[in-house]
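I have placed the structure first, in the form of structure tokens, so that the comments after it can refer back to it.
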Amino acid sequence: MHIMEGFLPWQWCLVWYIISIPVVAYGVIQIKKITDENPESKPLLAVSGAFMFVLSSLKLPSVTGSCSHPTGSGLGAVLFGPAVASVMAAIVLVFQALLLAHGGLTTLGANIFSMGIVGPVVAWLIYKGVKNAGGSPLLGIFLAAALADLLTYVTTALQLSLAFPVPTFTVAFTNFMWIFAVTQIPLAIAEGLLTVVIFDYIMKL
Amino acid sequence: MNVLETKNVNYRYPDGTPALEDVNFSAAQGKMVALLGPNGAGKSTLFLHFNGILRPSAGTVMVENVPLTYDKKSIMKVRQKVGIVFQNPDDQLFAPTVEEDVAFGPLNVGLDQDEVERRVAESLERVGMAGFEKKPPHHLSGGQKKRVAIAGILAMSPEIMVLDEPTSGLDPKGASRILHLLHKLNQEGMTIVISTHDVDLVPLYASQVYIISEGHIIKEGTPQDVFSDEETIRNANLRLPRIAHLMEILQKKDELPFEKPYPLTIGEARKKLLKEFDE
Amino acid sequence: MNVLETKNVNYRYPDGTPALEDVNFSAAQGKMVALLGPNGAGKSTLFLHFNGILRPSAGTVMVENVPLTYDKKSIMKVRQKVGIVFQNPDDQLFAPTVEEDVAFGPLNVGLDQDEVERRVAESLERVGMAGFEKKPPHHLSGGQKKRVAIAGILAMSPEIMVLDEPTSGLDPKGASRILHLLHKLNQEGMTIVISTHDVDLVPLYASQVYIISEGHIIKEGTPQDVFSDEETIRNANLRLPRIAHLMEILQKKDELPFEKPYPLTIGEARKKLLKEFDE
Amino acid sequence: MHSMFENTLDNYAHSNGLRETNTLFKVIFAIATMLVSLASTSPIVPLLITLVISFLLIFQAKIPWKFYLKFLAVPFFFGFLTFIFMALFFGVGAHILDLGIFNLAVTQDGFNRGLLLFSRVLGGFTCMAFLALTIPMTELFSELERFKIPQIVMELAMLMYRYIFLFLDEGINMYHAQETRLGYSSLKKSFKSMGMLGSNLFIRTWIKGEQAHIAMESRCYDGSIKTMKEPESMRTIGARNLVLLTLFEVGLVIGLYFTGNFTLF
């Protein structure tokens, strides 16, 4: 769920930029390390990023009839780890803003935080967690993708309630959560399922 | 009877650039029709209208004399009747094994397990790919992939098979196998539409030829008709078949008595030359 | 002098299947050499040995009579001398604009800004793509992408240009433009090696032909030599050029007095036929 | 054409009426205006910005108005929903309208906040649309060099830009091939089909990545992609344009100052 250009007050735009930049910078250092050791990983990272973009421009079918776009952050995080995934997500978000007019530039920091940081970190932790607990990898992937998706939305709700704590932060947050719960839980499940199907086929191919 | 027909079909890309303008195309039952044109002339765009993947901005597409309606149910029926084989088989083969790939269409039609298996076996047999059932498609050669892609459409038992550049990228043997296969299917009654820019192959098989250039049909007729208009052919970035070109040069530059229509195939040229030698 | 030569080159894929066996190939300075073979015969694999991307399991590759060594410094030098144009231009063009793509090689070589700009401009001019500098590759047609890919190699001023299936997928006009361009480059002194399975085109341009089948060179010689051995040609999943095929039929079936070597091109056939008619 | 994929704005960016206008000029104009819109405390200036930029896009950049209106419908609809939502649920002040059901009422501060947000979304969105529709990504890359973005990020972004279009094309072809064989005809089949499409595309992207690396190595790639461009200097904008730009932005800021406390209720 992208926060649209112009939606956040400037103070909050700034706050989310300040929080996101160090994380992305850390990811850049990681990527630099990987590509220096392994020059052929550069085109591979690039094509994976392009894949994330194309995946995110797919319209996901959902039961409610509305459509949404897979965030792909689950997939990215499982493949490359959260730090690298956050840089890729940041670049993808810029492209989405400038090629599709999705999201925004002043809200980029906030979107990077929810989709490029919270999403991948959650996905990665859950995937590792399920794997360490001896769960099946497909279950891990489903939970990672679905929960990453869901927590991305929760983060967005949080960001919006912080920006508009009217009448109080709690009430605003509850309101936003209600809307998201109805619309986004089916989509999170859809993304989880899709990621599982994709992984399943990749393993077979 | 025309099993497939377009009437004044126009199509514009979402940004407004016209891709097809007033295209009238028809394929009669049981014929093999060729759509000849250079890259980017609109061949693939026209084909995507035949089974309702694209919807014309103006004009009508008719399958078996019924205008297409674009509700889900009728579209599903049309797609069973008109099967399209895409140019790049890599875009079409997506299942982990050959068998699963060919089964994709029949399963979507909702056939039962036994019928699906029967059709998969039969289609692979027809295209000469029996024995490859369990292979992953990306381990096959270009020609083999093409044949599996054709099997995937055959398995849906279409009335009309539409093939986009069926020989492109194939070596001479591979190309000739595909054409023999199409010829056989056509003999057995299937209507076949192919797009190509291979002018040497067209005259061998097609009974009707359309030339498309920049979204317009600029010529139609039998291969003889069409290739006797060298100017149109060359304006459309195409050329005469090599055999015809030889005869054209012999006539025009050397004033040998070869009248139009020039022979287009080796067989025709042979007859014509023998006649000259005998005289 | 042979500017490019392989001596008993063998190559196995990482899984152990042999891809090339005892390949002896050479290209003399300033010639145009064709490597003819069906899909999957090993053409592309052989080409990747020419600039050291692949390293032979046994045998030697020589560029300007010096055996390749595979340290970084010498490999960079070899890659400046031997430029490869890949079959699918989409594999080769990676930059956001035409200009940046063509500049990629020269910048890697370490040329200064002005020289790079000069070479980019000149190469695009040569391939007829001046004016397209700022375009992104996805706005170009297949033939245009191919020409930009060639410009990207030209800009590195290689001694030898190696092209994998340069005409594949192009319409007649597009293919003929590329071949004219290669012919001109060759006239100006560049050694050119092309792989193809288009037997109708080869005789027009190549001075030396190799036939490769299943990783072996099974025939080499002038186009006349090579195509006079119909059996080998057909065993390699290839065929005679159409003109030669016509002549072969006229001679064998109709007992017309066409002796081997059969004419391969329209020009040669014209001469031969005129001679017959005059007698 | 590709119902399932988003259409990109790339075609417009490469062929619009403002294509030849100085890139830096357009970038500074769009960003500065966007920031002014963001800083507004009343709806007047953002709505003015929306009008001015829409005018520029339709009459100067010659973006087809039908497309533009459809395109603008998204933020409009979204902004409008936000407005309703804010007016009904996010207010504490005096009621200006009681709906009479569920105790719902439009509050004064909710209404004002909603309207402000609605206008800022439209203002900001049109500025972003101006960037997206009049400046090709390829030219933005050289402007981005100015911001000292790490080389590796620029390289990845440039490569990604190229492959995005390649994969979109392949994805669309695959999607059509699946439609031809009746994929996507039910929800379950849609998931299956889309999973196949995604996984195939993924495998293809990796093959493409390897091939790209081989082709790059053949051209002496040594691990870093060098660029020959230098960002344009401010001077290329031209004195007249710079003055116009400054006047426009200053005008907007003055507008902000005088309309800052404006509310409808």
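When the chains are written out, they are named A, B, C and D in that same order, and each has its own residue count from 1.
We adopt the following convention: a contact is a pair of C-beta atoms (placed from the backbone, for glycine too) under 8 Å apart; a residue touches a chain by one contact, two chains touch by 3 or more.
Please read these numbers as outputs of a predicted model, since none were measured by experiment.
Enquirer: Decide which interface, C-D or A-B, involves more C-beta pairs in contact, and give its chain pair.
Expert: Most contacts of the two pairs: C-D.
Enquirer: Superimpose the Cα atoms of chain B on the matching ones in chain C and note the rotation angle, 0 to 180, in steps of 5 degrees.
Expert: To map chain B onto chain C, rotate by about 180 degrees.
Enquirer: Suppose each chain is reduced to the average of its Cα coordinates; what separation in Å results between chain B and chain C?
Expert: 29
Enquirer: Approximately how many whole Å separate the CA-defined centres of chain C and chain D?
Expert: That gives a centre separation of 45 Å.
Enquirer: How many angstrom lie between the CA centroids of chain A and chain C, rounded to a whole number?
Expert: 46
Enquirer: Can you tell me which residues of chain C touch two or more of the remaining chains?
Expert: Counting only residues that touch two or more other chains, chain C contributes 94.
Enquirer: Which residues of chain A are in contact with two or more other chains?
Expert: 43, 201, 205
Enquirer: What parts of chain D, by residue number, touch at least two of the other chains?
Expert: 10, 137, 159, 161-163, 166, 196, 199-200, 203, 208, 212, 216, 221-222
Enquirer: Looking at which chains touch which, would you call it a line, ring, star, complete or other?
Expert: other
Enquirer: Give the pairs of chains that touch; include all such pairs.
Expert: Listed in label order, the chain pairs in contact are A-B, A-D, B-C, B-D, C-D.
Enquirer: Tell me, which parts of chain B touch chain A in their complex?
Expert: Interface residues on chain B, with respect to chain A: 96, 136, 138.
Enquirer: State the interface residues of chain A toward chain B in the complex, per the touch definition above.
Expert: Per the stated touch rule, the residues are 201, 204-205.
Enquirer: Where on chain D does chain C make contact in their complex?
Expert: So the residues of chain D in touch with chain C come to 10, 14, 136-139, 141, 158-159, 161-163, 165-166, 169, 208, 211-212, 214-222, 225-229.
Enquirer: Touching chain B in the complex: which residues of chain C?
Expert: 37-40, 141-143, 168-174, 176, 197, 199-200, 237-239, 241-243, 245-246, 249-250, 253-254, 256, 266, 269-270, 273-274, 276-277
Enquirer: How about chain D: which of its residues touch chain A in the complex?
Expert: Residue list for chain D touching chain A: 3-6, 8-10, 31, 34-35, 37-39, 46, 71, 74-75, 78, 82, 86, 89-92, 109-110, 113, 117, 120-125, 127-129, 131-132, 137, 140, 150, 152-153, 155-157, 159-164, 166-168, 171, 184, 187, 190-192, 194-196, 198-203, 205-206, 208-210, 212-213, 216, 221-223.
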